[in-house]
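I've put the structures underneath this note.
Each of the next two complexes has chain A plus one more chain, namely chain B in the first and chain C in the second.
Let's look at the complex of A and B:
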């Protein structure tokens, strides 16, 4: 479904802006701004601030997350950064260091 | 399977450098260099604003920058390319538009590869364009006042030298903007005639 895929073995150094879903399997350094779902798959490395709709992380993410919907850190995820979203879940087995802001 | 293919979707805009070893399909906009050992496809809606290097490049969209194919470059119907094209095999289909130098043959892509890899990590197109500047600068210092020597370096790639002149080397005058000169000449002549 995803319209934009950063495949394994690909490194993007820069800024990604999109209105559609993004799936990262490779490496992104810079910034990611999406309006729809962002998925950071296992094995992916993202060193960037990420803005998006619902955000699912199973890989490594260093940077702040801002979501208009929800953030799910799955088992195996490794996240360093602050998370700001309406809903946040952190699965057992996810590594996380940072602040959570669920604006109550 | 699908994971090894990178897709830049239609509404996606990447400002920066894409590199790696997978296939890349551009349906959106990429303002920055693309360097991969895989194939690159630039769709009808795709726009790339910098150099592209890959094994096999298939272009149906717009590219402003050089295309370097390790195997082949195919400009299909609808392609719009402003820049040089180099590959062992180059195909330009009916309906493809391009402006630039074409070089076929096996030895073609070797030199630009070094340039692309030694490139400073350029996040933006203009900077990426300026990548050959360090090379010419490195050559330039010994013959300080020999203008022709440096100009021979530049002659092959007018677009690149434009960026190089603006970014770094103060010694070299900016390249002549020929179309503008022609226009003004023509206008002046017309005025004189009238």
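Let's look at the complex of A and C:
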């Protein structure tokens, strides 16, 4: 189980900073920075710049993504923003609008 | 008024001995290394093992675990269990429990407040006894049980 879980009914307006991983099922507005994996699950809404290790998005994300490892946009994901990571995958069924920068 | 109640009811002891576990996905957790600055609100239970700064409004149970800290102007939840650090005004519609490792500064308001031996608390205690009928029972129970010392 992830160390930080923002559950389905929870809304955070502000900043989440952690050295560990984060799972978002609810709503986050502001900023998310983690050192480990960040997972934005289906049904989640994130309006924030997200930085982290491995980033997996299956929900809705508005904001820029910066990853030290990889970014996976899964089917069902809706992402508006720029993605900066060495490795990026965009699955069939993912919606994405923005720039990809793999030049790290 | 600063109240020092160095005992807690057996029911509260039981509740604190068995940490609440929810199998549903409605549980949220702020991990030990995590820091949240801003407003936290919503439905479901929340466990704070890390640090939260800002306002906290929850329709559910709030647990501040040992090692966790909450510094808020206002904390509102259905019920609150504190084993860590908390600074701020706590308003709960249900019971508020301070475990042995709790360090609390601020005002507490709940249908019942229990403070375990070893807990540090400075602030005002407010148990509302003019609650509606269905909550009145709990409140009165708290008043009769709370002042007993071991």
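For the reader, a short list of remarks on this structure follows.
Keep in mind that, in the parts below, the second predicted complex is superposed on the first by the 103 of 104 C-alpha atoms of A that agree within 3 Å, B and C clash if a C-alpha of one lies under 4 Å from a C-alpha of the other, contacts with A are read in each partner's own complex, and residues count from 1 in each chain.
Keep this in mind: contacts are C-beta pairs under 8 Å (C-beta built on N, C-alpha and C of every residue); 3 or more make two chains touch, one makes a residue touch a chain.
The model shown is predicted, which means the values in this text are computed figures rather than measured ones.
Upon superposition of the two complexes on chain A, a steric clash is found between chain B and chain C. Of the two partner chains placed around the shared chain by superposition, chain B and chain C are both touched by A:30. Residue contacts after overlaying the shared chain place A:80 against neither chain B nor chain C. Judged by the touch definition given at the top, the superposed model places A:94 against neither chain B nor chain C. In the superposition on chain A, A:13 makes contact with both chain B and chain C. Overlap of the chain B and chain C contact sets on chain A: residues 2-20, 22, 25-27, 30. The touching residues of chain A, counted against chain C in their complex, run 1-20, 22, 25-27, 30.
Across the complex, chain A meets chain B through its residues 2-22, 25-27, 30, 41. Put simply, chain B touches chain A in their complex at residues 2-24, 27-28, 32, 36, 38, 121, 123-124. Residues of chain C touching chain A in their complex: 25-46, 49-50, 54, 59-60.
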